[in-house]
Amino acid sequence: TDSSALIHGLTAEEIGTLTAKCTEAKAAAYCPYSLFRVGCTLLTHSGAFISGANVENASYPVGTCAERVAMGSAVFAGHRRGDFRAVAVATDAPEPSSPCGMCRQFLREFCGEDVPVVMVGRDGGEGRVVVRTMGELLPMSFGPESLPPREELAKVGEGRRKG
Amino acid sequence: TDSSALIHGLTAEEIGTLTAKCTEAKAAAYCPYSLFRVGCTLLTHSGAFISGANVENASYPVGTCAERVAMGSAVFAGHRRGDFRAVAVATDAPEPSSPCGMCRQFLREFCGEDVPVVMVGRDGGEGRVVVRTMGELLPMSFGPESLPPREELAKVGEGRRKG
Amino acid sequence: TDSSALIHGLTAEEIGTLTAKCTEAKAAAYCPYSLFRVGCTLLTHSGAFISGANVENASYPVGTCAERVAMGSAVFAGHRRGDFRAVAVATDAPEPSSPCGMCRQFLREFCGEDVPVVMVGRDGGEGRVVVRTMGELLPMSFGPESLPPREELAKVGEGRRKG
Amino acid sequence: TDSSALIHGLTAEEIGTLTAKCTEAKAAAYCPYSLFRVGCTLLTHSGAFISGANVENASYPVGTCAERVAMGSAVFAGHRRGDFRAVAVATDAPEPSSPCGMCRQFLREFCGEDVPVVMVGRDGGEGRVVVRTMGELLPMSFGPESLPPREELAKVGEGRRKG
């Protein structure tokens, strides 16, 4: 049956649950400036669903996105790289929207290239869902292993604190 | 007795609990870049304690602070402006450290000027705690009411050279 | 005469020039989302005026403020801590607005506590200007010296990069 | 000859100039925390080269990257979407590194999908350069057109539980 087929390691039932949960998470958004609600739900290998919504600020750059609220909670709960099976994001746009580049970068610290990102449009619904992997959304990414060891950097550059 | 005296509306017992909880929250920090652990706990009027820790990123500006992780969770849980009685922050510095300016701005969206911020040094302990109000830490702050109505802004400036 | 009196080390003429320049800088703002234009001008001890304006993004938290654009340019031009005599900020609000907390933190890395921040309302004009020092706007600030040495942090906490 | 061949619309000579300029820009980096210097140079259709370097902060998330310093200056200078021919980035890593996700998002507001991003390793040199387009680095991106009109959003969600 359909429900046993796997999409990036997720069953149709799991995609359905993720879709419902991230759509529900939107209701908690604080977005008086953009009016654009976003909800995000993470699924861990241990079976936990951890959600977040966007939290804006009068100084726009100080606000944060749903994906970072969800991942912040997950990391605080003790989850680390390798613990995540999927990311799901729902917005108020009619078509499924992707996470912004900043969130892709934030998620990438903890999610491998093969972790699927499930994107859900305004009206939810399994049929309207778009799925891409982290590796597809942030190719050639800059991660922890991109930073050379400090001792090496200390020699190469100067980067010094002036003043 | 001491324990019934109020400091910014907090009992000594509540300050003690906040101190313990934000110190404990530090243990969940993900800070392989700075090695500087920070924990934050919020106390709501409904009596809830909501915590967070810093979550760093290989691209340093993409990481987030303990205060914003805690407040992100609190807002996602439905708390809004007026719901907070206190903020508490513990770090790995020997002396109590204050929240960075970005976090003061993030907190300010939801905390009034009189909300106390309890700052705790590495070794915790009530005696070593420093307390300041949000208004003292972010005077003349830029908040929701600082932004003129959109209709007015649309008239004044142009602000929208979209390419 | 008035023009020889010093306000935080600035002559009335210098305040006038700063006011004019940060007001003029507003015209370059890219703010299709907030419609709120902000301009910032820095004055260095070497006599240079360096300006910036806010640059917003469809993902609101990714945008940046006028103050950080100006200071980014100044640091790129080689200016460092101790090189700044004043910061001036103009917005589209009728009354003078202060920099957001994130910008206070960004500026603080390079400006001492006594550096004046000149705030200018929509209609400019010397008479309507409000001046506060960096120390007044970001008291008990978190700066470079707040971070204990790495070797000490490595011992105290663990902050480790989990896999 | 080689120098007349075009790579994403750039001549080998232009790539050489971009490589040299972004490598040179690294020298202005303020990075006492990461010790990781990054330089960025933008080339506009009008022939201007505009550069930046990373500017870090004691509160790591408050710092900014080379790409955003360069683009902030460019936008302040009046450049807008459609004005950019290329982005070039050099770091202190031995292999060419890509911009972080936050910078990809910041650049994307002003650069079309076909704008090439030239990535340069520690030792520079044309032969070691990697080139990808904005569309390749930030596929399915979230841009200005991803946000539905405000009037529509005002109807769909509520998004404004102001306290």
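Going by the order they are written in, the chains are A, B, C and D; count residues from 1 in each one.
Here is the rule we use: a residue touches a chain if its C-beta (ideal position, glycine included) is under 8 Å from a C-beta of that chain, and two chains touch if they have at least 3 such contacts.
Just so we're clear, the structure is a prediction, and the values are computed from it rather than from any experiment.
Student: Quick check: more C-beta contact pairs at B-D or at A-D?
Tutor: Top pair by contacting C-beta pairs is A-D.
Student: Averaging over Cα atoms per chain, report the distance between chain A and chain D in Å.
Tutor: About 22 Å separates the centre of chain A from that of chain D.
Student: Between chain B and chain D, what distance separates the C-alpha centroids? Give it in angstrom.
Tutor: So the centre of chain B lies 32 Å away from the centre of chain D.
Student: So which bits of chain D are touching at least two other chains?
Tutor: 30, 32, 34, 56, 58-59, 62-64, 80, 100-103, 105-106, 142, 144, 146-147, 161-162 - these are the residues of chain D that touch more than one other chain.
Student: Are the chains arranged, by touching, as a line, ring, star, complete graph, or other?
Tutor: Topology of touching chains reads as complete, every chain touching all others.
Student: In their shared complex, at which residues does chain C touch chain A?
Tutor: The contact residues of chain C facing chain A are 33-34, 56, 58-65, 80-83, 100-103, 110, 144, 161-163.
Student: Any idea which chain B residues touch chain A in the complex?
Tutor: Spelled out, the residues of chain B in touch with chain A are 25, 28, 30, 32, 51-53, 55-59, 62-64, 68-69, 71-73, 75-78, 80, 102, 105-106, 109, 142-144, 146-147.
Student: Can you name the residues of chain B that touch chain C in the complex?
Tutor: Per the touch definition, chain B meets chain C at residues 26, 29-32, 34-37, 92-94, 97-106, 108, 122, 132, 136-142, 146-148, 150, 153-154, 156-157, 159-162.
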